[in-house]
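Here it is, the structure, as structure tokens.
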Amino acid sequence: MHHRYDVLVVGAGGSGLMSALYASKNKNVSVAVISKLYPTRSHTGAAQGGVGAALGNVSEDHWEWHMFDTVKGGDYLTDQDAAEVFSKDVIEAVYELEHMGLPFSRLPNGKIAQRKFGGHTKEFGKAPVERACYAVDRTGHMILQTLYQQSVKSGVTFFNEYQVLDLIIEEGICRGVVAYDIATGEVHTFHAKAVVLAAGGYGRAFKVTSNAQTLTGDLMSIYYRKGLPLEDLEFYQFHPTGIAKMGILITEGARGEGGILRNDSGERFMERYAPTIKDLAPRDMVSRAIYMEIREGRGLGKDKDYVHLDLTHLPREIIEGRLPDITDFARTYLGVDPVLAPVPIQPTAHYAMGGIPTTIDGECLASSTDIVRGLYAAGEVACVSLHGANRLGTNSLGDLIVFGRRAGVAAAKYAAEVGYEELPARADNFATAEIERLRSGSGTENAARIRKELQETMMDNVSVFRTDETMSTQMEILRELQARYKNVSVTDTGLRYNTELTEALEVGYLLDVSEAMTASALNRRESRGAHAREDYPDRDDDNWLKHTMAYRNMNVPGKVNIGYKDVVLGRFEPKPRVY
Amino acid sequence: MHVNLKIHRFHPEQDKKAHWETYKVECEPGDRVLDLLNHIKWYVDPTLTYRRSCAHGICGSDAMLINGRNRLACKILIKDLAKDGGTITVEPIRGLKVEKDLLVDMEPFFESYRAVLPFFINDDPVPAGERLQTQEDRERFDQGTKCILCAACTTSCPIFWVNGRYLGPASIVQAHRFIFDSRDKGTSERLNILNQNTGVWRCRTAYNCTEACPREIPVTQLIEEVKRAVMYQQV
Amino acid sequence: MTRAKTFQDAKNQAHTNAELNWWIFMRVSGLILVFLVLGHIYMTFLQVSEADATFDAVVYKLSQPVWKLYDWLLLSLALLHGVNGARYSIEDYVRNRPNRFWVKTIFYTVVAIIFVIGSIGLFTISPEFAGPQ
Amino acid sequence: MYRGREGQWAFYLHRLSGLAILAYLLIHVLSISLFMLGEDAYMALHTVYEIPIFSIGLIFVTAGVLYHSINGLRIVIMDFTGRGLAYQRQLWYVTLFLTLLGSAYAAYVVGLRLLGGHG
């Protein structure tokens, strides 16, 4: 099957829908969205805490303060042009969401309610500020629903449950995508003038994660497989408060409302690590602090491998009223009532700061200087380098709406100006061959087992703390798993809803993105933000104030070539990061 | 512990008729049904097919008929269903065409969703900042905003099973979310749609929807509020 | 009725209050029927036995205008209420369009005939029918 | 069978009882109308009704009517009051209880009559 749209959006999460909505405002272009999930199933719906914007509804706030926090939170690896655009635009974007009907929680004066969140401060770090605009504790859900509703209203075309298998890029110009219709098993070719990638993250590379089972880094890997770079993958955020063992997220909003982290003796240990803002320090710091506590034997539980998030001193109305969903999670999955007892938590793999490198208009970079024409990216899959080495809570939802919109607008503008590039003959050859191989039944390996080994080893070797040794080991393991993956085949040879096949494909993506990530992390010999190396515990601005660009070596399997890109500095000079 | 998972299976390319298949699986009491399905899919029978994504009850992918009730597989724990050695039955949700095993065609469901104008309508010029709304006005429609479109409610409704034209509780919940939003201006159109033969009047207050809703939305109550809203608007 | 897909469809959609009116009718008639039906049962079944309901007794009672009215109200309300209730069921269970049309047509006809027979009966009763007491 | 709770069974019973009494009503009207054909026709059918089995059948009709009418009130209460919705479950048990009570009374009356040799 063959389709043709001027602008194609891959992914229907917050960033994808935002792009599609704004691209379709340009009446000169046709727009379609391809998503392997029904749009409302996208993981944006899991985001709880809020979206940060300096509205100043509760107390004085300015976009400069937000920008500063973003840059500092990113351990100065944040590109300051992106941070500036972001901090200004996100205010308007939040109002736009409100105008689209998003049911934000309200203040008594009828304005959008805001609360404190980790790393968000007033007057350049003086004290926490209420910046996170929220809709109870389901802000992401409301963003996703609202954007989808608006897409229904404006009649956006959707191809749901189509898994993208390949990008068609020739001579540095993107000409479309190849996708697999999960319902029928057919391979479809989509011809397009501009493609926006908004396919989310890859948390499923780790054993304990807050991410959905479907977040497998598909588009990052597809990009990488073409010899194109992935930026800053070594920076992967572990959220401090995942439900122990399961990884289900307890929003930082819980600490924003006054929740406290305690170790086995009940001590509020964050006082030692971040004396000023304590439990509301940025995530990388809190996660490390929790790991330190556990390591030094102050954890709780049978294996002493978790700590407590204590909300019991808060009034029931606050807990149940402002955090109903996480109250429900604790009750459902742990049998713990957060009103009465502390919740066992442990850091959980959460968010990729890195991804497909883009300009601030979402254009994908083919190197530190060139772009791939007609190809855009936004959301977690992309790296505009807003989050630097560590993302602040609430800045991802802001990223989706600000850069999703910019990418959509830019893609539509570009598509309206250019004609269709020719599609290569048999553009779907590569994708079809990959599927045929998996379906041929010649291999003996089980993809699920490979994934399990991958997740466990990534968790052990490339998580909150890293060393040369653990990461080198992991590179070896990855090479071995890659080799085994070549020998995978599926037992279900059917065409209709062959989810065994789609999962097997996803395992392939996970392996590739893990490879790029581990190699990037091994290469960076310093500690910065979420990248904490025990063998190089300090930040080293002289040598490492630069972005990593990881390219697959197309000739030597398992080898990754590392390049660099400059950090865009500006207003804020790099300083030590203390809270 | 271990349980027997009895699954209603149907492979469209191999089976003429659906059939039951039982799997004995090791598990912990705190495991989700989804964990067991995953275990079977990954290590026992990879052809087993179902939808899932978030694994914690927020994306709405995996509503199933579990032990005779609609539940999200990722939000119901083994210990609440069976004792050691017990049996848990898993079937696809009812009233929608089964495509494969536990996966059904959701299109009719979303068609009903789209039919109630499930989007914000207000063509007035927008203010510079936000539209104001009091906390009470915001609270008025809070329940409906929790909906994740999982279809557990609609496919538990005895009317929907036999009459697929009924818009169903999920659509009414969505309509409610906008009807009672003080900022929205599309109320009369929505009430008109729900006032027709396939709308709210088909609801016979069977409450299965309320009991099935994994988000604890008082679905029947919302439907009743819409019924009254339609009535008060017309009289 | 086609389903509205867009705002415009909804605006253009035929607007009727029929279902709402039936819904209200079911509740109002139900409330009235509570008294009529339970009263009827009490008086004709519990208070008097089937054996007492001789031809003469029935005729005598029904020849009185009050009871004529009572029973006719009961008859018409109960039939209307019941027919509409049955319509709900037909619409739910008979999903094939032509079938539904025929089922409804035949059903309504039968009920209408019975209603006419019942009414004629009720209003033609006069004490003369009873013969000598 | 879907393991619905009180509300589902209340609905099924309401529908069933409604249809059943409608059927009874139709037959009842026809049989009463027989008197138009004269006393003989009427009494011929009527003697059949005097067989105990019919009296017992009428107890079931009474039970059906009682359930349907009381549950009908429950529905009206639910439709128009928030409390009715909140307590629908309890109201249904009240409905069942009252139905049982009323039917027991009917059975008692009819039972006495049957034993007393009327039938």
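Each chain carries a letter (A, B, C and D) given by its place in the written order, and its residues are counted from 1.
The rule we apply is simple: contacts are C-beta pairs under 8 Å (C-beta built on N, C-alpha and C of every residue); 3 or more make two chains touch, one makes a residue touch a chain.
Please read these numbers as outputs of a predicted model, since none were measured by experiment.
Put simply, the chain nearest the middle, going by average C-alpha positions, is B.
Chains joined by the most contact pairs: A-B. Computed centre separation for the pair chain C/chain D is 16 angstrom, with centres defined by C-alpha atoms.
Each chain gets one centre point, the mean of its Cα atoms, and the points for chain B and chain C are 37 Å apart. Rounded to whole angstrom, the centroid-to-centroid distance between chain A and chain C, based on C-alpha atoms, equals 64 Å.
Shown for chain A are the residues in touch with two or more other chains, namely 153. Residue positions of chain B touching 2 or more other chains: 114, 121, 204, 227.
Shared contact sites, meaning residues of chain D that touch two or more other chains, fall at 15, 75, 79. Remark: chain C residues 1, 3-5, 7, 10-11, 13, 15-20, 22-24, 88, 91-93, 95 touch chain B in the complex. Contact residues of chain D toward chain C in the complex are 15, 18-19, 21-22, 25-26, 29-30, 32-33, 35-36, 39, 42-43, 46, 49-50, 54-55, 58, 62, 65-66, 69, 72-73, 75-76, 79, 105-106, 109-110, 113, 118-119. Per the touch definition, chain D reaches chain B in the complex via residues 1-8, 10-12, 14-15, 75, 78-80, 82, 85, 88.
Of all residues in chain B, those touching chain C in their complex are 111-112, 114-115, 117, 121, 159, 162-164, 186, 189-190, 192-193, 195-199, 201-202, 204, 227, 230-231, 234.
Looking at the complex, you find that chain A touches chain B at residues 37-38, 40-43, 45-46, 55, 95, 98-101, 103-112, 135-136, 138, 141-142, 145-146, 149-150, 152-153, 183, 212-214, 246, 248, 325, 328-329, 332-335, 446, 448-449, 452, 490-492, 494-500.
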